[in-house]
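Naming follows writing order (A, B, C and D), and every chain is counted from residue 1.
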Amino acid sequence: MIRISTSPFDPGRELSVFEKNAGDAGAVVSFLGRVRGEETETVVTVLYLEHYPGVTERMLGELETEARGRWAIDEPLIIHRVGDLKPGEPIVFVCVSARHRRDAFEAADFLMDYLKTKALFWKKEITSDGERWIEPRMQDYSDVARWNERDKDS
Amino acid sequence: MARILFFGRLADLAGGRERELHVGDSVRNLRELVDLIAKGDDTLGAALREKSVQTIINERISSGDAISDSDEIAFLPPVSGG
Amino acid sequence: MIRISTSPFDPGRELSVFEKNAGDAGAVVSFLGRVRGEETETVVTVLYLEHYPGVTERMLGELETEARGRWAIDEPLIIHRVGDLKPGEPIVFVCVSARHRRDAFEAADFLMDYLKTKALFWKKEITSDGERWIEPRMQDYSDVARWNERDKDS
Amino acid sequence: MARILFFGRLADLAGGRERELHVGDSVRNLRELVDLIAKGDDTLGAALREKSVQTIINERISSGDAISDSDEIAFLPPVSGG
């Protein structure tokens, strides 16, 4: 399930609901991404996030389908905030349930790598020193490349 | 009128996220569309031509680069979700 | 923080509390292990879990210390049930917060591999066909061996 | 009296998780303790001698194998947490 949210959400409550509907799954992995208040040498006051309505959701749906093709997992939950966020607020929450934990861990890891580098979101930090649009770190690009290397191996 | 969408820093440069543009006979593809936009704004034109900028026509990636007056064209700088 | 619990707990509520205390962490990974009601050809009615009081807790504390030495993470939360559990009930819940998501993912993965194969818990399935004590699968042993291989690599 | 603890399937075999045992001069180490327990119960003795069974003396792993009357000795079959 994909949800783009313009208002804050409570990851704990979302996990409770997801877990109650997880049927006979033995493993549930969740990832929560939050706004950090302190970046290198600056203090973030607001993180602004935008997306491409309709298109972002559709591509996330395709990402979920791809994950379900790669691992034996149930339908994942992806919640992503847009709008103005304050430090400490949840940005993204991903839940994956599966019979076994390896599948749940890997699929959650995979979904996050793609969310960081391919999903249609843009974010701007508004700091004490001004504004700047964020781009993925080199680390994010090498993280997502792992999944292609694995394809080649197999 | 074609509908042009700018995201992220491109929206800041364009002074808005959306623009309606008459695409006449002189604009048949993406390159010519960018040339048209660049006429009025060198800085924005240069930003749109950056290699890292992706384009989506009518909500589909890689649906060719032909442009007509009924299209929605979105310019996307590098994404940063999560 | 280590908690051995003789009564059911709500992972969602635990995540909410953990998250509210996660300071400026950008990433929180959680793992939830649940009782499966259906195993190969049998229906599980009760899962009984026991531990070595005092010793189990101390060794889990040492495990947390080891994880914090390997990754840039904050103090993890480990909750583990003992006693009689019903299908669907949480067995184990692990939360790890970190500045960056790779550290949180890997540390949670590591903690679970160790919980499955080294932590002092024993579980017995009570099924429609009788009782049996569970031992880790071969997969669990190869999962935990990954972390030693990595030591050799580096 | 030494305190003997059995976990998992070993407790089922021993008919209980805990047993008090007088450890006299004839029992100075783990092997001799297992021999003593095995005297009264072959099946339990064989189970305790399995390679996969670990032993903890006074709540510490690998603290030697000397045994005295004030010790707590725990026999642990393969664990299965999580």
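Observations on the model:
The definition used in the following text is that a residue touches a chain if its C-beta (ideal position, glycine included) is under 8 Å from a C-beta of that chain, and two chains touch if they have at least 3 such contacts.
Note that the structure is a prediction, hence the values are computed from the model and not measured.
Note on chain placement: the centre of chain A and the centre of chain D lie 49 Å apart, centres being C-alpha means.
Once the centre of each chain is set as its mean CA position, chain A and chain C turn out to be 23 Å apart.
Centre-to-centre separation of chain C and chain D, using mean CA positions: 27 Å. Residues of chain A in contact with at least two other chains: 33, 101, 112. Residues of chain D in contact with two or more other chains: 82. Taken together, the touching pairs link the chains end to end in a line with two free ends. Those chain pairs judged to touch are A-B, A-C, C-D. Those residues of chain A that touch chain C in the complex are listed here as 10-17, 19, 22, 24-38, 87-88, 90, 99-102, 104-105, 108-109, 112, 139, 143.
The residues of chain B lying in touch with chain A in their complex are 5, 7-9, 11-12, 17, 56, 59, 74, 76-82.
Across the complex, chain D is touched by residues 33, 49-52, 54-55, 58, 80, 91-92, 112, 115-124, 133-136 of chain C.
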